[in-house]
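The data blocks that follow each hold one structure.
Two complexes, one shared chain (chain A), two partners (chain B, chain C).
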Partner chain A sequence: MGAAPASRDVTSYGMGLAAPLALFFLVFFVAPLLQLLWLSLHNDTAALHWGLGQYLHFLTDPFSLSVLGSTLLLGAEVTAVCLVLGFPIAWLYQRVGPRLQTIIILIVLLPLLTSVVVRTFAWIVILGRQGIINATLQSLGIIDTPLKLLYTQFGVVIALAQVQMPLMTLPLITALGRIDPNLDDASCSLGAGSWRSFFKITLPLSLPGVIAGCTLTYAAAITAFITQSLIGGGQMLFMPMYLYQQASTLQNWPFASAISIIFLLAVLAVVSVFTTLGRMSRGYGGA
Partner chain B sequence: MADAQSGRSLVVDAVTHRYPSGALAVQNINLDIKGGEIIALLGPSGCGKTTLLRIIAGFIAQTQGRIIIGDDIVDALPPNRRAVGIVFQNYALFPHLSISENVGYGLAARGVNKATRQREAQRLLELVQLPAMAERLPRQLSGGQQQRVALARALAIKPSILLLDEPFAALDKNLRLDMQIEVKRLQRVSGITTLIVTHDQEEALSMADRVAVLSHGKLEQFGSPSDVYDRPQTLFVNTFVGSSNRMPGIVVSADRTAAKVRLDAGAEIIARPAGGALTEGGRVTVCIRPEHLQFVGDETGFAGVVGMSLPLGATVVHEIKTADGSGVKISQARIGETHALENGAAVRLAPLAPSLANAFPATF
Partner chain C sequence: MILNRRSLMTTALTLGAMKAFPGLSYAQARPLVFATFTGSWEEAHKAVLVPAFRKANADAAIVLDPMLSVDQIAKVNAAKANPPIDVMLHDPGPALVAIGQDLAEPYPVEKSAYYKDLIAEAQEPMGPAPFFQVVGLTYNPEAIKTPPTSWADLWKPEFKGRVGITNLNSTLGTGWLVEIAKMRGGSEANIDPAFKAIEELKPNLAAVAANPGALATLFQQGQIDISPGNFNAIQILKARGVPVEFVAPKEGAIAFKTTIHIVKNSPNRELAFKLIEASLTPEVQTTLMNPPYLIVPTNSKVTMGGEIARVLAKDTAELKQKFVFQDWKKINEQRSAWIERFNREIKI
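The block that comes next holds the complex of A and B.
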């Protein structure tokens, strides 16, 4: 070993350290995934006959496809809301004094410090028929009958956006913080107004943060079982709940497995679209 | 660059700036800069050079005073409407844009079409001697090349004033000299009023028509390089620009043009009252540059003992211990072997001429 070149040493050292994690992944991630794949390739609930029947069923069943579609759409909506609301917060964070920065970070992190169930029930209180929003609007005389907010797509999107906001804001804060503030000044002194500077300089250079934030938010939003189910009620069905019903209630494990695999592939496809978009924009390696 | 909007004057009128944190970065600075002049803002780190530059560019609104470019008071104008070109110390090139797009950025903001922009960028890149780099990204260029691009980018908007913040600080010595010559050449051709911030006195003295020396946010002196070097008005300027021996003493007699000073080192010399009138019996600090001292044979100068001798190529610097225990440096041209001085030899020193010893009232 002593005679081996230093670089070789470093590599073997690193591999050794990664072994426990690799083992963990192998046992608790790769193995279940393979089992899932194996299960999904059976046509009957007892998993005795091989075949692609479950996949064919899902891909030809309008109901299943609509669940997949509305789940992916939900993710897109939540991501869009988080981006539109999170970017100004991150931008503001880089422009205020240290005391305000602490307050902003606290507000951003707060959702992570409370339990999902508690947060979700808080939203039920806010969005319900006799909830805070309806009560306020009614007492102000703006509406006569309560608005239906709970058990709607709108309600789910808002509640999820609040929960996932830190996943968007934190990468954005990091990305914006890495941009040399002189670049904005340079742009301005060259004659560009604030909007031009923002779209030509700040936004392209913050793209790595936008991509990271969108990927995290998207993945978290479409898999948020508790919030989706509680705020959506029985009215709306998304992939995690669909999966749960097939596996737990109907005991149809092969179909549930096929749903998982399809869902996984759909998510991977969306994530790789994000990543490719990021690579294509030259700002990716620029900052 | 005959088409540049050249030669606008710049007046800094009683400008004071206090940061919200309370730091008084710039105090009552007055500069009257003629169109086409090249001015150096010289001072130690933290003296407010960058702050003053950012005020002129419009990034900071000064707490008091006015900035006047040409005939216009520009205090109400945002940076993008001041037509001031600025080169940042770290160049601040846009990392995601090509060199050509960087140079053309200011023109794009003015709505110039793409073909014209590219043509203009190419012309400017040729001017700064980087014709073949247009399609590269900034990170594919060396520091000196990035510097040239930053200069081309600032010149592209045909600014009436060009501001350079420590433009050569990150370059090695040879490259720095090249760039100094380059900038001076471009400035001469274009006639753009130029302000260079630097803490390198050689750079200030060699490049500028006039030098403004700053210390702790205050303007110490504003004059030609020879004014600043040969006729410093304050003790700070005398010791910051070039090197200087500081010798304490007492005024024996004084009028407006000359003062007889009894040095603590033990001799009476004639010095120039540099910082205003001196009072008899008052304590003063006399500054004499190492190259303005000579060895004398008779009893006229002050006595000392030779310590270390440093041969520095063309000159030799001897360190002399004087009677009051302080050290004095004398620099001599190196002619043959004349620099060979015995360590411990007793010598006597005197200034070359009375005008070369500057007396300042001592501040304790």
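The block that comes next holds the complex of A and C.
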């Protein structure tokens, strides 16, 4: 943050402006993260004996690994649902008039304007035994006894998909908006059908948005403690609840720290796969 | 200063600031800080206990800082030498943790005017119990016409897919598991029968809630009709018009002591003692026993009345007879193993 030299290199930027945020991150993110790592490297709850016992415990325990696996799978399912449902909306957004655009953006943003807790409770009302879905199906005579929707994997995926949908739709809208609509027309006038144009032109060009949306949705879905525990209940264990149990109920902070670190690394691995795909798609889009 | 696990839990900034400016953390003239629980507890304490304390102590300054037991323990641990809290409130499990970590001051029993009037179970030298929490059976009287009478009723075939329980994260879930073990010939030391019993309960289970609060939602949504439940929580639901009733099962209702502690090294030791004294007085306990609070008193001089006399106990003698207290020392030792087992085995 020293004074700028007289002959300043105009192509470089001072990092001074980033300093406040960097400091904030250093103090409130990096430092606690290091503490977490330090704590996870202890074998006992009083954190007196160094060792890799917590990691060994997790990585050799089929149950813990299954919790990790089901959490990562949950994220993949939610991301897939969001992508399949979100893409048409984003595509539609680029092809309608300004008034409809406002309505679409409002619908997309609406979930973000209410708290996650409220949205999740709404899903309890929808999915419950006497909820909207069961009541409708029963009054139509399609089912006799109410379906079990709440406290199931299906319920969690559906609720999370709705809760996290804006994180997928917004990057998609931006990415699709950057595509020159003439390209699609050109493809059609050169004889390609609309599906072929979509797969050859629109989809590849929108890949950066797809990747960004997937990354955001995935990260948000697997860490969504509130929705997971309210819709999934107490017997469906995902990583955030596992962590909470160990840290809060059992006061076993070293193991909880180890779970956090492993979870963090697993998520980073998935995100880096997404990023690599993103980099490849940029090359593809530019070709 | 020894850097143990807890002190490292505070952020580097806090640690740094405390070292650099010790004056900051030695708040000489700060008001008495009482860490109560959130929700109905806070409301009750704000409306009844705090005014009673201020009246008896020349309007002494007091701040309620509601938080969970675990957060209280973490906060006190992070600054043991000058804790930010003067009075802690705990469920039986966390109370033993706090005492085990040397965070609580022994209660000056000989100075106390009310301690000796407490019923024997509430007399805890490391921090007395001003209130009991009671767990029994909760049911929906619109769906279940004959009130249940025993924990064993949960296994009745007519409640197929109608029963809710909570997992072991909560005091309620853990206490219930112990009671089921006892019903099937087990104990705090032998939990096996309880897990076998839950295995048999599976056809009836509609939900394993993540916390007791979620059970309330499930009743409201008609997802479940019967479950173990907390007496106070049920009264709140009832007051809102949800059709629920509470019965004490014939095996005895599970009673948890909610204990109140002077924090070790508190700069407001004297006022902390006065606040706890206020919570033990028959006047405060009587007011808290009446609607809308319905908190079970522990002072034997309080005459039971209202809903508590109707569904729980008419006097201290009956209360002692109908309440079961559990050995939380033994429970704490094995709780992590139980939770692990519950995680693995209970899938519906």
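The rule is short, and it goes like this: the second predicted complex is superposed on the first by the 268 of 287 C-alpha atoms of A that agree within 3 Å, B and C clash if a C-alpha of one lies under 4 Å from a C-alpha of the other, contacts with A are read in each partner's own complex, and residues count from 1 in each chain.
Quick note on the criterion: a contact is a pair of C-beta atoms (placed from the backbone, for glycine too) under 8 Å apart; a residue touches a chain by one contact, two chains touch by 3 or more.
What you are looking at is a predicted structure, and each value in this text was computed from that prediction instead of being measured.
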Check your understanding: Between chain B (first) and chain C (second), which, if any, makes contact with A:Pro32: first, second, both or neither?
Key -> second
Review point. Who wins on chain A residues touched, chain B or chain C?
Key: C
Review point. Now for A:Ala192: first (chain B), second (chain C), both, or neither, which partner does it touch?
Key: first
Review point. Should A:Leu183 be classified as contacting the first partner (chain B), the second (chain C), both, or neither?
Key: first
Practice item. Please indicate which partner A:Leu205 is in contact with in the superposed arrangement: first for chain B, second for chain C, both, or neither. Key: first
Exercise for review: Take the contacts of chain A with chain B and those with chain C, and give the residues found in both.
Suggested key: none
**Study point:** Touching residues (chain side chain A, partner chain B) in the complex
**Key:** 180, 182-183, 185-193, 196, 200-201, 204-205, 281-283, 286-287
Exercise for review: Give every residue of chain B touching chain A within the complex, in rising order.
Suggested key: 54, 57-59, 78-86, 88, 90, 92, 94-96, 105-106, 109-110, 137, 139, 153-154, 156-157
Study note, to complete from the structure: In the complex, chain A touches chain C at residues 27-28, 31-32, 35, 38-39, 42, 45-47, 63, 121, 124-125, 128-131, 148, 150-151, 229-230, 232-235, 237, 241-242, 244-245, 248-254
Point to revise | chain A contact footprint on chain C (complex, rising order) | key: 4-5, 8-9, 11-13, 68, 70, 73, 97, 166-169, 173, 206-211, 214, 217, 221-223, 335-336, 339-340, 343-344, 346-348
